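Pasting a structure here, questions to come.
Labels A, B, C, D, E and F are assigned to the chains in the order they are written; within every chain, residues are numbered from 1.
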Amino acid sequence: LRFLVPQSGVLHIKTEFGKLQVSPNEICVIPRGIKYHVALPEGPSRGYILEVYNGHFELPELGPIGANGLANPRDFCYPVAHFEDCLEKYQIFTKYCNQLYVATQEHSPFNVVAWCGNYAPFKYDLAKFNVINTVSFDHPDPSIFTVLTCKSALPGVAIADFVIFPPRWMIAEQTFRPAYYHRNVMAEFMGNLRGQYDAKQQGFLPGGASLHNCMAAHGPDLEAFQQATQVELKPVKTPDTMAFMFETSLALGVSPWALTESGTLQSEYWKVWAGLKSNFTPMKK
Amino acid sequence: LRFLVPQSGVLHIKTEFGKLQVSPNEICVIPRGIKYHVALPEGPSRGYILEVYNGHFELPELGPIGANGLANPRDFCYPVAHFEDCLEKYQIFTKYCNQLYVATQEHSPFNVVAWCGNYAPFKYDLAKFNVINTVSFDHPDPSIFTVLTCKSALPGVAIADFVIFPPRWMIAEQTFRPAYYHRNVMAEFMGNLRGQYDAKQQGFLPGGASLHNCMAAHGPDLEAFQQATQVELKPVKTPDTMAFMFETSLALGVSPWALTESGTLQSEYWKVWAGLKSNFTPMKK
Amino acid sequence: LRFLVPQSGVLHIKTEFGKLQVSPNEICVIPRGIKYHVALPEGPSRGYILEVYNGHFELPELGPIGANGLANPRDFCYPVAHFEDCLEKYQIFTKYCNQLYVATQEHSPFNVVAWCGNYAPFKYDLAKFNVINTVSFDHPDPSIFTVLTCKSALPGVAIADFVIFPPRWMIAEQTFRPAYYHRNVMAEFMGNLRGQYDAKQQGFLPGGASLHNCMAAHGPDLEAFQQATQVELKPVKTPDTMAFMFETSLALGVSPWALTESGTLQSEYWKVWAGLKSNFTPMKK
Amino acid sequence: LRFLVPQSGVLHIKTEFGKLQVSPNEICVIPRGIKYHVALPEGPSRGYILEVYNGHFELPELGPIGANGLANPRDFCYPVAHFEDCLEKYQIFTKYCNQLYVATQEHSPFNVVAWCGNYAPFKYDLAKFNVINTVSFDHPDPSIFTVLTCKSALPGVAIADFVIFPPRWMIAEQTFRPAYYHRNVMAEFMGNLRGQYDAKQQGFLPGGASLHNCMAAHGPDLEAFQQATQVELKPVKTPDTMAFMFETSLALGVSPWALTESGTLQSEYWKVWAGLKSNFTPMKK
Amino acid sequence: LRFLVPQSGVLHIKTEFGKLQVSPNEICVIPRGIKYHVALPEGPSRGYILEVYNGHFELPELGPIGANGLANPRDFCYPVAHFEDCLEKYQIFTKYCNQLYVATQEHSPFNVVAWCGNYAPFKYDLAKFNVINTVSFDHPDPSIFTVLTCKSALPGVAIADFVIFPPRWMIAEQTFRPAYYHRNVMAEFMGNLRGQYDAKQQGFLPGGASLHNCMAAHGPDLEAFQQATQVELKPVKTPDTMAFMFETSLALGVSPWALTESGTLQSEYWKVWAGLKSNFTPMKK
Amino acid sequence: LRFLVPQSGVLHIKTEFGKLQVSPNEICVIPRGIKYHVALPEGPSRGYILEVYNGHFELPELGPIGANGLANPRDFCYPVAHFEDCLEKYQIFTKYCNQLYVATQEHSPFNVVAWCGNYAPFKYDLAKFNVINTVSFDHPDPSIFTVLTCKSALPGVAIADFVIFPPRWMIAEQTFRPAYYHRNVMAEFMGNLRGQYDAKQQGFLPGGASLHNCMAAHGPDLEAFQQATQVELKPVKTPDTMAFMFETSLALGVSPWALTESGTLQSEYWKVWAGLKSNFTPMKK
């Protein structure tokens, strides 16, 4: 399946199930084997795509959060059937067993007159996410920001989670508010859709991405650390921002193009942590 | 089992597993069949007791809340073994099949020199609860305040939940912040341990209790409604308060003593909703 | 909850969630605690009501039947919100802990302007049931006719199943086609909505009912037995008929009214089996 | 494990657990690691073998089909112990980690005098399958023809299903009776054991096979389409036929031998759909 | 269902499924609703009957014990069909909703010529139980002696377990070998079939019974305690003995007949513990 | 994760969670991604390491064994936090996607001042294992010796089990006491920590290892067979011994070094079974 996260530029997606208009701050999931076509009515688009070879994205079990919270089922939009009754030449590109194939046909593949069922593409507007978090102290796991999850057969181990960091109130008291320094058995691929991410306010531009693979240590940069440890902890509304994370139990590879050819790798990225010092003062005995 | 919620006065509880000092704002659970004795070192105590004939109280599965949040396992306190090596006359009161029995013995029942296992009494300080709630909009289900749950054999249907309303930040925007008007298939028995409960600020005194049985409609009183609909929705820290709820899928009966003999029934309780009016203005066509 | 099965006469049901028109050959389920009012626009109605104190009716897991078959989810109809903005006197009757109560209020309880969620009344047209059965030999269990099931906490043990015997092709070869003679650990309450039931073609009139409680032996009457053992087994379409069964793991009591006062008890019902004889011829050795 | 489906010629299979005679229209499953020898007493045999590296084949949960239907447990035949008390030279061929090995020993491996347990080879006669299907309308999923399933760790996702299309009555009304046009996330490998398959009556000979891998669209050929849309829908007993499907969630590769060297590939297979035309007439507005 | 445990005298049990001869040291389970008749060919019989109103007895999941151990499935004996082709008068006694009913019929109820399925009576010889226990130290829970269990809907909470104490080697070292002093949330009904029970060697005669209801403390009597604490712990084979326990999560009532009328109550039973003294010597500090 | 089984020589293991001293007859598990350093205070060490790329080791569900038995939770030892507040050069070796990497840093990685949670290294003393086995007859599955298991997503199929053969009483009567001759769908890697293993008393030295991969037949050698079939079956305490098994559902490869370069392969190992003869004497008819 394809999980599309446009960062700039509107997508007009035609699928066998109908049409979807997907704008930045929305996401779109297209199941495996479904034919689709993307047009860019307003010019170039840029964004992120996650491809998963197995399973389905679904809403997480909410547990004590109860019947409402996080992404609500009623906010997911499915297309209505739309058909083209035309005889034109179409090229169909297919990825199968990691190879690309192309076929030609003389009529539109978008000729479905009606449909029912639940194996269909959908979109979701991230602004409708009901953000839940601490209203007392501590920094909960980012799983509390899960929009959709693609489960593996092992309970608690996701093939992939889609997690967002939307505008929200931060009010935790007597706490280090940004994400603590950590290692994660899951790989964290982050992207920024809009504004500044609170754990790295400089250098993580919209359209950029960071990757911390399995057990790679990371956390706030020096600047974020200093601010979080010195600021007075009043209620603060984050500015208009939207970062996200694809979190996966599989190790993610990076293409040679991304590592070298693209010229976009931030080779000095590690320096954002360089100035962090030991702040530990052991007790005198 | 007995679930003790003292509201005033310290309890010195001696059990077969050791001693527990339980103060107001703490709770204590004593499993079925465990002998215990309660002393009141500072004078009279007052509070609430829930008796459950089946099952165990356990922490809820946290779901997307993740590894930390709500009540943390490390904050539950178990006694260390304590023994009395004395030969005195003891009376043992037992409740069995809804009858009380008494037996006499010539030595202390509190003679356990060491123990291991997990069927033991414990206490928990409600101030250590990591409160989670919306940091955006809407009013989540009170299940998000669950401290402990006693599950039935039907998934999602608790024999009893213990839920608290502790001090916390309320920041929900574009929302009616108090509990919405509702009917609940579970019975809601509420008590107030300290301060004012935000959906009923007058007349719900510490030590008091309210009961809304299965499908009895309820919600904020007139005063709370008016305030919630007129106040500007800035971040607000609730004052020092602690209300709680025993929520159960069983219908709760009320004893004749509570209904009449005690003289404490608020027979005019229903009037707190009496002034609520229809605020609905249908659209003109 | 109430499970309504009208046999004659249309029901106009007003609920807090909106209006439902329920005709014979349709069923209607109203969840616990939901206020409703039934009008009879075409005169008297007659039918069957099942009251369940716990759980919910849901579609059975289809197993190998796959994604389609039996009752399809898309055929269940839920009301849209409907409100009455009037100030009239209403009497609300409530059944609670097996007692009836009445309350009076000065405005309509049917004042819900909009709703979302899944705890709502619904109706279903039995003609839309996709009947599955043998297309080879043998007589499958009546569970294959399950429309809705209300599960208990024990897998495989239903609090109640709603099962129908709709018009269908009977083609089983080399088989005794009617239900075989059996005892059932579940109680079988049958009703007839229309036409003739194939295992008892005489004396089981529309609007009538039969009850075979836990482990009461039963099966086709003499006439049905004779026909089934003598007729040539060609494909046969059952005539226009609709019988149903409430099957429950609980023993069903019968009211004194039904047993005596109503005068409708068929006291000679047992005679339909009286003529059945042993057809067994042991092999000579 | 090996799943054997002979299409012509009897198999005399000697295993460590005893002997099995497997004829066409029967299937045989030999668990992993069990030594066996196949003799062909009546001359050459031809058929299909599925090899699965993990899991076991088991009967599907029947769901609402109830206690009887599809393949009945009592119809599976296990061998009784049989031993050879001889000292002869034997060659044992083993496939391990996708390599073939051979070992030599001086006595028969078929020397088991008695056994108990449930890890044993078995056979099943496909004629004993109790075929279930619609007796009203629509075309159920082929899962309704499942004989045996080999589950993966993901509920609902089989490593492999064995599905048959046996003689049966087809009586669906107001319906397109053959399999509808579809794409399937599982790969469909079909074989024909006897007679004509109803969705492709020409060109799919006994002993032949077709493969529609993951998401490859397929359905009835032109001839089957024309017949199904024009014929009067009376009850029809399929002629003597037996096609089957290995359906798997894994993509199936095809060997170079099958693709080219064997000379048996039907390179014009796609033409059976070539004449299908759009039959859609949009409504005038 | 009826769970029969004869202690003396052979039972000839005729059931609708065939005949079972059940001798002391064997047990027999007859499912609910199955007609049966018991003859006593060798004169009076004596024993124990457990009646369960719900569920089925099944083998426990063995966990790490693996594929063999405790009661093996192959040792359970089911009857073959047996019929009586006679016309005689029969009285059928039925217990329904705790009332006894009697019906008369003119032919034998034992007229089943053949049967298949798994809802049938069976017997088991307790001598075939593969006893598992510690071969190092400590005294495992008596659940390790479980022959059959009747599960409730709550995992780990049985409606009833049937547990036996058969002949076995006792080799635990550095241990108090008899059952430790304990209270049990389940009720323990014990019977003795043969020989001496090791935790109470005097006064617990074959045919006798003891009952320790929920949370009633108990353990070895004075004599057993003294022997167990003074004897050298060499491997010891228990003598020929067979005690058993019905253990249930429900409280068991005792009939007035058993308490008084029968004259068999051991009113001085408590005295077996009377001589037990405190053996505790606190450490000097 | 790393599962360490030292056979000779003490390990001083420094981890991010604190220090562990692990001696022969103890095992240690270090979770994935945790930095650690091993010192050998008493000179060279030798032992076994299992590396698992997925999952966690946990205690097996005990089933009827009950609340106590096998490895008890309270006997697992976790380190307390220990930190080094020093600025020295450290090299960190990491294995990632089957490659080794090294990084250099200027301060100690062992600088954790306090921790809570359950993802931490631990050790366990094998002498504390409560050995359970038959006290009657037969030879139970080695699963009864399971210390820890690492589950896969398929119930009953472990990624790896750690199983031990500790000192214990063997008392099975009328039985072949050693492991019977068998093939196993799981690979069995055995090591010997101390003394003689009872199914191969010669040639399986402490520090040695044997591997029987999936379905490779094996069992006692000639000497063990002869002794077990001729000795009188009295209770026998095994001598001081400790062998273990890593049992896995995955096939284990052997490195070229182990096969040839090390010079330690026992190329004549197969000869220990060479003298075994057929002892079968068929019945005369």
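We take it that a residue touches a chain if its C-beta (ideal position, glycine included) is under 8 Å from a C-beta of that chain, and two chains touch if they have at least 3 such contacts.
Predicted, not measured: the structure shown is a model, and the values here were computed from it.
Common neighbours of chain D and chain E under the contact definition above: C, F.
Among the remaining chains, D is positioned farthest from chain B, on the basis of C-alpha centroids.
In this structure, the chain pairs A-F and E-F differ in their number of contacting C-beta pairs, and the larger number is found at E-F. Taking the mean of the C-alpha atoms as each chain's centre, chain A and chain E sit 60 Å apart. Centre-to-centre spacing of chain A and chain B amounts to 39 Å, using the average Cα coordinate of each chain. Residues of chain A in contact with at least two other chains: 67, 153-154. Every pair of chains in contact is given here: A-B, A-C, A-D, A-F, B-C, B-E, B-F, C-D, C-E, D-E, D-F, E-F.
Within the complex formed with chain C, the chain B residues making contact are 152-154, 183, 185, 213-215, 251, 278, 280, 282. Chain F contributes residues 67, 74, 116-117 to its touches with chain B in the complex.
Within the complex formed with chain F, the chain D residues making contact are 32-33, 55, 83, 85, 96-97, 107, 111, 113, 152-154.
Contact residues of chain F toward chain E in the complex are 60-70, 129-138, 140-144, 146, 166-171, 235.
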